[in-house]
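The next block holds one structure in the form of structure tokens; read it before the comments.
Chain naming follows the written order as A, B, C, D, E and F, and within any one chain the residues start at number 1.
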């Protein structure tokens, strides 16, 4: 049996109208177009939150709005930075306005529960500003918004399964074990297993330079080895994170 | 044999880098999230230019950038207007900035031939402004941009095949025969054949009102009947338009 | 006997105050400074909607706000494009803000019925955005706005009189028969009859290029012949269009 | 014999092109739509700099660009403030962008000598910002811009003729002797002589309040008596100021 | 005994909260970073309104918000212009937004009486716009704002004491007797007495040029001699102006 | 003997000019006005980077530009959030523009080495955008910018001295041991020792809510206990961090 479609872009307007009547949580996947090493596609940061949003929406009776495919500027220490071919960066004001507009429009259709799921680290504060401006404009309507970076939901137990030799911290997890495993779980045909990078972690100083030093970033674009990735680990993370985001949704927005 | 992938979002950065070296035409599908009647999904205006861009890119050795999923404000006389549930409208400045940013970024990676393919009528002038601002900033690099609304490429001969009883003009072709046929051709599983609207065409006065009169627009959201739609007609249009856009690309940007 | 003055710029504030009390329709002529061939002045797109607004305002008891003398960017296929000396283009955001500000200010003085009369094709969507932003800000006051491009009010009967050999469509009517005839009717001393262009119509492809190809546009700046223009035809159009705009005003805003 | 036309809006593009070749000074009258007492029209601040620009342009071989009809926000102590019906105020960013755009466009057509003539006190700093942003963008082209408030050119000798009982200072000269006299000189049919206000000068404290106190401003809207105005005084000022602006133009931009 | 602290930046949040409960006037010193001759520091325009605000706040039970350290663009005829090393100019939109934001935030904390004290001539109209936008957003809350340039509070009697040989007018008082005296009064250790400039006043024409002529401005950066400055004169001005601003505050906002 | 002054705001323009000639590193302290518990003033995030910049500038021969006193929006999980009285938040665009403007102006005066020292966690990405826009505009001049959050320079050894019982991580260090110790070191008279909070650390979920839940944040405003703070620990951190920032400056910008 087919699952009920939760993807807004595939709904007709009467279908969306029927859904909107029960004031469901609307999920907004906030991605990017950014290099993710030689083994992963440029859309990783859009693909992963979209998949997670779909999973959670199915659990909680929500809807997934169209994914934001472009994100805030990739930085060397979190995403490799602007020089990698294919990384397309939005100015902050552009992303702020996009988030603001999309929320305003959802509110116009009667939606008051929104969850922005960030899949690109650099998006966090820019998406925050878009939400804040939307709250200023629409807050009196009762609008409430949750914003989360999905990896923050990984529990210590999950990390201990994904990193049996000890979790080295989230800082260098760009195109590395977490993202590669999740891609292998959700989009196995988009992962080039033969090209998974395996090199020492980047060693960044405690500051940023503009223009960036290209040699700070490993030439693969990944910030550390992705060798330990597996679809099984991706499944563990997807399931635990999905379950816990769903629980947070229920806690904050009601069942 | 699989066709070579032309979709940028599915490329890794080394794949994109390899492509970018030969300075291919990059296609930017400019869509929207807008009601398209009871039989078509909200993403029609994003889905169709994406499919056409893929076809043309395959023909001319181009690349397709990630689709702009949100567009300029739906108007009653061309898209049914803002009241239909699910229609999400961007402010003009947001879309202008998005187009400007994406072009600036492509130029940064060495791209100098861009083709913005508009799938949402209301986008035309706003996308134009985004291109113009990008030209002002990047024009000295040799950047050249083509912008087109794909339906403008339909020839009279094609229209005579699609509308054997005479082409009534493009004005009311929202969620009607052209778009429905193209969706049946490209995305048959997203068309609800049982819900194809069949009613008299809208009869609009020669002006717009703000706020809009809801009763100007047929309650289906389509502006005229889509009854004559067929996958075969979609194929005719897709092939002729795709061929002619490819020819225009070759003429303007070289083979 | 003199007609009562309807031009706001010539009113003193007590005169405007007296008029504003009865909440008249305020007309906003939205023009441009753009080449109009060798025979017409740069202000055609401002002069014609100003004259039409004055006519209609006199009919319906309205007021004409000061004309917007600068418009959105001239495009090759509708206005000859940016290269013609004397064409001064505003950025979209500038025109949007101007329309927004002027409407906000009229609302502040108690006006709730506004009609933006566009005399420059490229203005349409940009003026629309200005209106939409003003509606968002002021809509709760009961503000209603009509926007129209005056040529859309020409009836088939009028076209058959103006184009006895058949109306070739509005697309190339830049600095051609319609505008030249209206200028001969309203501002005969500003038309250089000896310089009326008479050449074949432009033949544009179904796309735009940035930067534009200069050779797409006839060197005169007119997009087709203006030879058939006459003051009599201008009078026919001015009277029919003026009458029908007045009727639309009465229908939408009351007598 | 007719004087040569210097008004850009009445030129055809070939006429403007011929003029532009000799790189003339282009004058930009920066006006407003603002109450000017019961005896003067709302357009005074646009009409007067337009007339002065025409006079000076004729003297120095310049061109007058279309007048900016809307200006920055009227303040109680200089223009009576926002409450007077008919006063239409632009936001600062709108006027800044307009000035910036118009200068950029003139530069695009090869103009490098521009003189912004302010007729509305409140415009000064906002026009300055528009010029400064245009200089930042276009300064490398050799662009030079003069900005002036025309009343600053009145000499002491002129003031002694216009104010035989002593010049009380420029601060309250809103809709008073200077502007009324100039209007009687340039546009006598727009002055209601029977309504010229004659009351004590306003007495303002050394600060501004937001929202303004309405009772600070005389109910006429003029800030002091206009009783001493005459067309002869207007002529004296127009001729002296016109002569001296012309001299400044020659000094700064060459003959 | 120590005076009670009125400087917001030195308060803890519970201290500010306790103060805010009685809805005090909040003073916002609006300064700049601008050359002030060889004898005064770059921060003069920030330091002086901060000191005056502190004095007045102590008198009327007010609070002083953090000083705006950057101001609008220095102009040659009022501040020497942009070329002097160390002068840092904000774009108008930046300063407008800063003033708007700070007021919005104070209102959010329950403040409804704000006094913007301008210490930099060029700030006046830009601060005005920031206030006006804040009024538009927050006016319905009962917000009232005073804006003043402190030197406008000097009485004729004060000027006769500070300029015993006759007051030459405020126009050239940049880094001259008034500012130097006030600095000697408030911040004596920041005045280099050995470097006080003593030269003829600048002689400016009645217009501005962009780019500025450097030779219009005396090479010292002061616009006229500061030789007559003294701490005693500074004290006279500080006390009279402080007293009269306090009186204005009481008059407008209540005791 | 007095140390040489490195604070730009206290320099005269000839002093700044003399310094600027040797192209020193200019430090820009990026602060905020934000609650820091009952024991610390609202200006902590401005005061600390200012003091550190002064220390480092003295070491490396740099200059300290005027401090940005207002910062990006306080968030509950890092700064307590917007509800605490006295917290004044800038919109992102305002802070972006301020950083952009200040850098552009420094570049205009010949500065090409800038170090933005962030003292307010929420500023990081917004300051980054201001720098990036300045790089886009001025990058061709050779401008290079370092951006750092000062606490990221604390070494493990320092943390082991400051937190003898183990470093719990930086996440909750708002108004806690680090900031309190540094304030006791640099500004001992601004710390209310009697009010140092001592309570359990906040326990935040892995997401943010808009509007924020007030009860997530301890009522003191500190996110964890500041009990262990001491001036001696402040000195340890100030010295180690100052030394290491100086070393980074020398490494990146030369001695």
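Everything below uses one rule, namely that contacts are C-beta pairs under 8 Å (C-beta built on N, C-alpha and C of every residue); 3 or more make two chains touch, one makes a residue touch a chain.
No experiment lies behind these values; they were computed from the predicted model shown.
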Note to self: Between chain B and chain F, how many steps is the shortest route if every step has to go to a touching chain?
What the structure shows: 2
Note to self: Between chain D and chain F, how many steps is the shortest route if every step has to go to a touching chain?
What the structure shows: 2
Item checked: Geometric centre distance via CA averages, chain F-chain A, whole Å -> 29
Margin query: So the centre of each chain is just the mean of its C-alpha atoms; given that, what is the distance between chain A and chain D in Å?
Written below: 55
Check: Rounded to the nearest whole Å, what is the centre-to-centre distance of chain A and chain E, using the mean of the C-alpha atoms as each centre?
Finding: 48
Checklist line | Where chain C touches two or more other chains at once, by residue number | finding: 91, 93
Next item on the list: Could you walk the ring starting from chain C, turning first toward chain D, and list the chains encountered?
Entry: C, D, E, F, A, B
Note to self: Considering only the defined contacts, which chain D positions touch chain C in the complex?
What the structure shows: 8-14, 16-17, 20, 33, 35-43, 46, 65-70, 82, 84-91, 93-94, 97-98, 100-102, 105-106, 108-110, 190, 192, 195, 221
Next item on the list: Report the residues of chain A in contact with chain F in the complex, numbered from low to high.
Entry: 72-73, 75, 91-93, 96, 122, 124-126, 128-129, 131-133, 135, 139, 144-149, 152-153, 205-211, 244, 248, 252
